[in-house]
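Heads up, there are several structures right after this.
In what comes next, chain A is part of two complexes: it sits with chain B in the first one and with chain C in the second one.
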Partner chain A sequence: MEIEIISFGQITEFINNQKIEVDGIADTDAFKQYLEDRFPALKGIKYKLALNKNIVQQNTEILNQATIAIMPPFSGG
Partner chain B sequence: MSAERYNRQIILKGFGEEAQQKLLRAKVLVIGAGGLGCPALQYLAAAGIGHIGIVDDDTISLSNLHRQVLFTTADIGKLKVEIAAKRLQEMNTQIGIIRHPIRLQKNNILDILSRYDYILDGTDNFESRYLINDACALLNKPLIFAAVSGFEGQLAIFNAPDHLTPSTNYRDIFPIPPDKGEVANCAENGILGVLPGILGTMAAAETIKLIAKIGQPLINKILNYNLLTQEQYTINISHGGGYILPKTVDDFLNMDYQDTSEGPQGYIEIDASELVKLQQLESTILIDVRERHEVPILDKQIFTQVPMSEFGAFMSKEFYQKHVVLICQHGIRSVAAAEAMQEKYGDAKKIYSLKGGIVKWRDHFLKS
Partner chain C sequence: MSEKKIKNIFVDGPIAPAFIADSIAKHKSKTAIGGHSIFMGQVRKDEIDSKFVAAIDYTAYEDLALEKMHQIREDIFEKYPLNCMHIYHSLGRVKAGEICLFVFTSSAHRKPAIAACSEVVDRLKAELPIWGKEIFEDETHQWKENI
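Moving on to the complex of A and B:
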C-alpha cells in the first residue's frame, strides 16, 4: 500500500516528503515503529503524527493512499 | 470619533461598525515584543484594539533589528516594552497601551493574564510557552499561538471551543516540553527576519477574526507554514489526554516550568540562547573556569580563561563588567564559581552559570 509522508521543521533534515510503498503497516502504532526503525534520529525528539490532517491521539487504522504528517514542536519567536 | 481612522475596515462587507466596536472593547495581551510580537502589535494597534498589554523584560540589541521592526538603531539598550509602547501610541493615540516590563513566571502570570480577554504568545522558548498555555487553560483565556523554526512557522488558537470540538490546548499536540537543547532556537539556528513578520501578522489576523467573529479562525487547528515553498498545511487538533494540566491555582503553582529565573541562590543558570544575548552586551565578561589543558579550547578573544585553581587570585582583583557568565565543561564547576562570585559581589554584579556546560551546548561553542 502507498503512504505519503510529509515532514516539518528539523525532521525534514532526515525525512524528506515522499511516497512509500509498504506492506504490513496496518495502523499508526506500526507506522511509528517503522519510522523510528528507518530513521533512528526520530527516537530522540518529540513529534506528533497527523493522519489525513487529523492529529493521531490513539492507534488508528491506516488505509491505502493515506497521508501522514510528522510535526515537531517549534518555540522560536 | 474613530470612524475616519478605521473607515477602510468599517466599510468592508462582513466587518462594519459592529466589528470595529468589538475591537475597541477588546483587551489583548501580547507576550514577547520580539520577531513575532512586533508585527502583531503594529497591526493590532492600527486596527484599533482598545487595550493592548505588552510583556517583555528584555532590552533591544543590534541582532534584534533585522526582525523586530518596531525598533531602530538608536533604541539599542533600551527596554523593548518602552519603545514598542511609545511607537504604537504615536501610531494610534486612541487606544490604551499597558507596559509590563517583566518576565512572566508562575507567581505573576495569573494576575496579569486575568486582566485581558485574549492572549497572544510570541515568546521564544518552551518554558514560557508551556507556562502560558497552562495559565490560559486554567483561566479559560483564548490563546493565539505563533512560533517559528528555520524557514517554517506554526499558528494555532487554543482554549477556544468551536461547534464541533471543546477547546484544545498545546498539550493536546505536545503533552510535555522537549528537553533543553532538543530543539534549537533562533539564536542557535538563525532566522530570516521576514518569517516571524509573516507569522506575527497572521497571529494578529487570527486575533482580529476571533474578536470580530468573522471567517474561520484556526480554532482547534494548527497551521504549518513554509516560507520557502509558500505552502500551508493545516492539521485538526483533538483531545489527547495523558498529560497533566493544572486544574487549580495551587496545582498550577506546584508545576515545574523550569524557570531560568533567579533562584534563592542569587546567581542565574542560563542556556545557550541566553548566553548569546548576554554575549552581545558590552558589560558582559565570559569566563571559562576549566583548567588550561582541557578541550575544546575556546576563543580567548571571547572567553577569558580563569581556571578554578587560579580563581581565588582573580577574585581579589577588580573588573568593570557588570554581567559575569561562568562556563565549564558540564556546568558543575561554574556553579561553584558562581556561588563564590555571588557571595563577594551580591547585587553589585549579575552572575550567571551556563547550565550543562560546554558539553551540552557543543554546537554553539564549535560555531563561535
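Moving on to the complex of A and C:
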C-alpha cells in the first residue's frame, strides 16, 4: 500500500516528504515503529502524527493512500 | 452542526503596524462594542550561547492549523459574549522586533474581550501546528520551543 509522508519543523531536517510503498503497516503504532527503525533520529524527539489531517490520539487503522504528517512540538506565536 | 467557514489566519511575512491600525479603524461602525483587547506577539532578539536571534522563520501545516483554529474560534464564541474576533499569524521570515501574531477581540464590556484574547493566545500556541525556526545573525538556526 502507498503512504504519503509529510514532515514539519525540525523533522524536515532528516525526513523528506515522500511516498512510500509498504506492506504490513496496519495501524499508526506499526507506522511509528517503522519510522523509528528507518529514522533513528526520531526516537529522541517528541512527535505527533496526523493521519489524513486528523491528529492521532490513539492507535488508528491506516488505509491505502493515507497521508501521514510527522509533527514535532508546536512553537507558533 | 454549524456551517463550516474556514477563515485564513496566515499572513506572509511580518504583520504591519498599519494593518493593525486599519483593523482597529474598521470597528468604528460597530457601535455595540465597548471594549477591545489586543495581543501582539513580537519576535524577541534572544541571546543563546552568545548569539542573537535575528529572525524567526515560521512554517505551518496550514490545512490542519486552519481547521484547528476554526474549532478554537467556535469554542471561544460559545464561551464568551464577543462581538468579533480577528486572528493573524505570520508565515515565513519575521525579523526581531517585528510583529508575528495579532489577536483582536471585542465585546460590549471589557472583561469577555480580555479573557477571550488571553485564552485564544494560549490555545493557539499549544494547539496549532506551527513551527518557528530561530535564525541567528550568522545564519545558523535552532528550532523554537514554546514554554
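Going forward, the second predicted complex is superposed on the first by the 73 of 77 C-alpha atoms of A that agree within 3 Å, B and C clash if a C-alpha of one lies under 4 Å from a C-alpha of the other, contacts with A are read in each partner's own complex, and residues count from 1 in each chain.
The rule we apply is simple: a residue touches a chain if its C-beta (ideal position, glycine included) is under 8 Å from a C-beta of that chain, and two chains touch if they have at least 3 such contacts.
On a predicted model such as this, the values are computed, not experimentally measured, just so you know.
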| item | value |
| --- | --- |
| Which superposed partner A:Ala50 touches (first chain B, second chain C, both, neither) | both |
| Which of chain B and chain C A:Ser75 touches, first, second, both or neither | both |
| Shared chain A surface residues [contacts with chain B and with chain C] | 6, 8-10, 50, 53, 55, 69, 71-77 |
| Residues of chain A defined as touching chain B within the complex | 6, 8-10, 44-46, 48, 50, 53-55, 57, 69, 71-77 |
| Chain A-facing residues of chain B, complex | 32, 34-37, 122-126, 129, 146-150, 152-154, 172-174, 176-178, 182-186, 189, 191, 196, 222, 224, 226, 233-241 |
| Residue numbers on chain A that touch chain C, as the complex places them | 6, 8-10, 50, 53, 55, 69, 71-77 |
| Chain A partner contacts - residues on chain C that touch it in the complex | 41, 58-61, 63-65, 67, 89, 100-101, 121, 124-133, 143-146 |
